[in-house]
Amino acid sequence: MADARIRLGMVGGGRGAFIGAVHRIASRIDDRYELVAGALSSRPDNAKASADDLHIAPERSYTSYEEMFAEEAKRDDGIEAVSIVTPNHMHFPVAKAALEAGIHVICDKPVTRTLEEALELEKIAAKSNAFFGLTHNYSAYPLVRYAREMIERGELGNVRLVQVEYPQEWLTNAPEADNKQAAWRTDPNQSGKAGCLGDIGTHAFQLAAFISQLELDTLSADLTSFVPGREVDDNVHVMMRFKGGAKGMLWTSQVAPGCENGLRIRIYGDKAGLEWSQESPNEMWFTPLFGRHQRITRRNDNLDSDVAVRGIRTPQGHPEGYLEGFANLYTDIADVLVARRKGESHAIESWIPGIGTGVQGMRFIQAVLDSSEADGRWTTL
Amino acid sequence: MADARIRLGMVGGGRGAFIGAVHRIASRIDDRYELVAGALSSRPDNAKASADDLHIAPERSYTSYEEMFAEEAKRDDGIEAVSIVTPNHMHFPVAKAALEAGIHVICDKPVTRTLEEALELEKIAAKSNAFFGLTHNYSAYPLVRYAREMIERGELGNVRLVQVEYPQEWLTNAPEADNKQAAWRTDPNQSGKAGCLGDIGTHAFQLAAFISQLELDTLSADLTSFVPGREVDDNVHVMMRFKGGAKGMLWTSQVAPGCENGLRIRIYGDKAGLEWSQESPNEMWFTPLFGRHQRITRRNDNLDSDVAVRGIRTPQGHPEGYLEGFANLYTDIADVLVARRKGESHAIESWIPGIGTGVQGMRFIQAVLDSSEADGRWTTL
Amino acid sequence: MADARIRLGMVGGGRGAFIGAVHRIASRIDDRYELVAGALSSRPDNAKASADDLHIAPERSYTSYEEMFAEEAKRDDGIEAVSIVTPNHMHFPVAKAALEAGIHVICDKPVTRTLEEALELEKIAAKSNAFFGLTHNYSAYPLVRYAREMIERGELGNVRLVQVEYPQEWLTNAPEADNKQAAWRTDPNQSGKAGCLGDIGTHAFQLAAFISQLELDTLSADLTSFVPGREVDDNVHVMMRFKGGAKGMLWTSQVAPGCENGLRIRIYGDKAGLEWSQESPNEMWFTPLFGRHQRITRRNDNLDSDVAVRGIRTPQGHPEGYLEGFANLYTDIADVLVARRKGESHAIESWIPGIGTGVQGMRFIQAVLDSSEADGRWTTL
Amino acid sequence: MADARIRLGMVGGGRGAFIGAVHRIASRIDDRYELVAGALSSRPDNAKASADDLHIAPERSYTSYEEMFAEEAKRDDGIEAVSIVTPNHMHFPVAKAALEAGIHVICDKPVTRTLEEALELEKIAAKSNAFFGLTHNYSAYPLVRYAREMIERGELGNVRLVQVEYPQEWLTNAPEADNKQAAWRTDPNQSGKAGCLGDIGTHAFQLAAFISQLELDTLSADLTSFVPGREVDDNVHVMMRFKGGAKGMLWTSQVAPGCENGLRIRIYGDKAGLEWSQESPNEMWFTPLFGRHQRITRRNDNLDSDVAVRGIRTPQGHPEGYLEGFANLYTDIADVLVARRKGESHAIESWIPGIGTGVQGMRFIQAVLDSSEADGRWTTL
């Protein structure tokens, strides 16, 4: 049936992983997917135990993505899409194999470990009929999408300033020894040269670009590794100049005690400003210049926006959060994939971050690394 | 297999309903249930269409709960549990039939339309081997449970005051004509004599009792129907006296413009106070008397509480909300039901609102109705 | 000169007092007064030391108000007005003497210790040419006055609900033994029969009446003394019915740990709601029903209100607080007194709480005491 | 008498001025000064009218500071101190003349128009017996001083990050034509080459240095004039490197719609972080790493700090704001000047910004101007 649940496989996300579980919940919330196969771990015992946890049939639990793609291709009910939730260095080979096998890809960010890989993957995606989506989940919140629409409609006037920040505290000390999540994120071989920059800085950059619709022209950066012995950055300071004259700052850190998951953006035009914070995602400040009132827009304020409203499940005052925002992306992708089954397309596709967003994110990472190495020289993306 | 998903049926919740969809999402978030049957609507066409939407097999879509219970009993893979998400007046007959058929019940609140029905249901539940859970979802938030533990540990000292409120705005005008949700909630035949009082006042009362662990002794109430022609209350003022000397106030309203879903509780002892608000569920204020610091407890602050921590899915700063709180209750019930499959019990059962909570809620409703009728006379529960 | 500073005397407010210092700062902020005489303490040594502290000439430091009024009357530059900042039981005799001597009165609240005294003072004031102002300072904040104007203009529609509260924590234990401020406030001989009710409950009631412009018809009250041995109430629960059909609740407490000075009011009409909190006095929430935006009004948002704007001294974002609100009242009174010097009147007088407000406050206190004694019987003011 | 009020003169601050009125209120709040003379305006009619407004005797109203200093020196009761509240370009000549005449100086910021003038004034101050204080008022809030003490005590551990910002909205358009305050601030001849940078950027820098006690080593800056035709910057982006390894960012803007007076600082060490915002000055967030609780420190939380507590006038929950913070500085200076009358010193002097702070502020301005001109080159102060 055209509307049947999407048959999904997963690479990574076995016991002890973090983001895999988030993807799975996100895929279930609106009941559009069925997780039927997995290469959840390269360790056979972990792969098997993880598959059992997830009600995956034993014969569809694999220990490598190559095996999974090959075996599933033989089945009538083989997977249609794969979620890639491995450490960064595996994104490229898995995504490449999937796209070449015609399997749709839902890939965690950053898209690859290096800009070169991203450019290569862009070519592969262009040749493939399969869909490629990148889970920049923060851009799927209703009010984030509404913010973008407000700017497109000119409600802020000419945008002059984009101030974005994303501080966390969890790497203030050196948990790398004990904590698997910390270990791979601070290991250049798995994570890439960018530490905090790649892990959360890309989210901040993507959110700024997504909402403002501005293209970053040049940047000046100052990277730091505050924790002794750490091989990758744990704090990022960037000044930005956008095409058209707007400017901005980006700060991201994983050594800021008291900051939980502090992604926050403020954009100012010559007519108004707005502010949104991930930790209070159901409201947004919109502040007209010298307005008689400050205004706070809430998720259910009868928003005149289809794309915002489609991501709302509950009435006003019922907070939706991180998992629901993530689920919005999964549901959007399901709509695209169901349309493709019928040989059609779906308008929501333009709102889903894809390979282009991924490449742009890697250009940003590379420019920050280059500028910081050159003592802050303004560097073109 | 002992750990297989719980086979779930649903009564009510067809197209156009609200709370049914919430129950379904809640049941899916942690992947512990499979919705396999439904009496989703008494109108055959709506029942069929709704079942199709939900991937329920056509032969397991029924047009009455009686038929569903009878037919499912014949199957090896028949439903083990039923979610009751109808208007209030149907809670009693459906729950009675399920309990008598040995089917576990997950019932929306208030438990019944009248106190008499609740007392009758209590007897039926006592005779049944089946489990009965009542979805007072707000008591399943991690920090709500933690608040209760703080009080049990004596961190507030002797509790003196319980101030609880639950204002909404959505019935400020008279949407009854156009809005199905408004229509049945303001119709005494479907909803019971209590309007706002039964719909959300019971949540406020249950939350106060759940956290404080105090037993309400007497109350003095003043009910109002502000909207002309409305047959049930839309504003509730109550003064409360608890056994042991504590006092409190309860305010709930559906005619308070600007209030979305403002359930909020404040409890004060002789050593400290605390405050929690449903619209910001991931934090709680805890305020020791003359403390050098006010303190805000956050969901992921390494809480020394198993029952709080088990309801957390994401790291700090990743907001979880209404659906996740609701899911906590479904997951707790799944743990209980899985244990029962093995002839065991599960400690979490004591944290799940059951028939006793339901009866107490109906006693509260009855006492408020009686007191208000008697011009605020202090009335014993 | 007509515009010269008002020559002010003070009764009470010697070393160790609290509210006297507040009155003095309030009188200085806009430089409209000169404190030239005082009966600051009945203890001569304290009176003298206090006068020295305040740069009052020794010959104008008195040990009784009778002496002060008599001696100052002999001087060409004698006092024109007196601030009464004693414990409550002295308000009546001092105010009576001043009014009879033609000296303008600025009196702290509650106006007297009993309703009888208040009614008597009302007659005296009616016969006197002197002005009588009561320092219900909270009604002098710009946004409080603006709130009243919004209601007068119909921006809330028909007002249905008035929810006001004023919790504090400072009497949670029994500081009466060591703390002079606590001692007189809990001593019925000095404070009157009302404890928390008279000290801060009157502020809450006055604020509700001032903003809503509703007249309280009847009330049902429940008073408590939680601290063992305390002779006056330390917690007050009241349900209210206003003339015209609006209802409300009032809660005030001095045993609520974590609450500093939590005066807060919420008013709901059939078109909109508003909320203001004394601890964040520079902003107010105004929330139209189903508005596309919630709105927060800020002190400097180009308010279309003369009476609000005249109480603002600094540009937007520069917080003004308790002392500035108090100063607004002093400056308003100075405008009235300067006008009277010229035989004129000043329009601001209608915004200043006077003897009528004081009498109404004592009626409220008496009705609460009576209702609580009668186990919550609805009692007419 | 040693404790008599300080006899104060003022230069600038006539009708139509802004900051002069603030200084006068600040000087009155604690009743430590008497404004007895003024060169309030260079226009004789405005000078006279302004003096009348302020109850200054006509013979002590002057039209030039030279005349005021000369005439007052002849009087036994001549001024002891002068407040300089002119546009920036007049700070230097007036302060020079006062210091050379032995008159204590209370000078608004920035200290001068150029670094050269500041260095010259530093030499003059060193030779004078008179006191020089600079009104960086934001550093006189109780919780700001407490923050500095927390850092000195090591409660944050080793400080790594200083993020400071100060956005405003009032110059988003071009009010220069109509608004006297805007006009001189955007005129390089009166204000200096730095626009927003000098007006509020210096406050942000001073606050960061004051609290953190870190010395800024180098900076990289990007200045912008967004409003067409404006000759000075209206937006400032700076990356900072402090001696010892800490880093930071500074953003200040006068073209950020919705931002009123948004001075805000966040400092992170390896043990804890803190945050303070000028618009909510009575509270401060202090956040220990992985603490079980976030903590909010409030102004009256029994702070173990003499220097913080001395700046508090009211009990908990009674908000004090901008004027009270400013008054703290005036009162501190009064204590110093009264001590000097007796040939003594006062310990509070070390907490009052002086000429050294002023010079450092001008070094900061100069380095920002130089770096921005050199396309962001890291520039040493």
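Letters A, B, C and D name the chains as they come in the text, with residue numbers starting at 1 for each one.
Here is the rule we go by: a residue touches a chain if its C-beta (ideal position, glycine included) is under 8 Å from a C-beta of that chain, and two chains touch if they have at least 3 such contacts.
Just so you know, these numbers come straight off a predicted model, no measurement behind them.
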#### Entry: For subunit A placed onto subunit C, the superposition rotation in degrees, Cα atoms, nearest 5
180
### Query
With respect to inter-chain C-beta contacts, which pair, C-D or B-C, contains the greater number?
B-C
### Query
Which whole number of Å gives the spacing of the CA centres of subunit A and subunit C?
55
### Query
When the centre of a chain is set as the mean of its C-alpha atoms, what distance in Å lies between subunit B and subunit C?
44
### Query
Centre to centre, by mean C-alpha position, how many angstrom separate subunit C and subunit D?
35
### Of all residues in subunit C, the ones touching two or more other chains
259, 286, 290, 294, 298
### Query
Along subunit D, where are the residues that touch subunit C in the complex?
4-5, 18, 21-22, 24-25, 28-31, 54-55, 168, 170, 259-262, 278-282, 298, 300, 313-324
### Summary
In their shared complex, subunit B is touched by residues of subunit C numbered 160-161, 163, 169, 172-173, 220, 222, 224, 226, 235, 237, 239, 241, 247, 249, 251, 253, 255-259, 266, 268-275, 285-290, 294, 375-378
### Message
Could you list, by residue number, the parts of subunit D that touch subunit B in their complex?
### Response
286, 290-298, 301-304
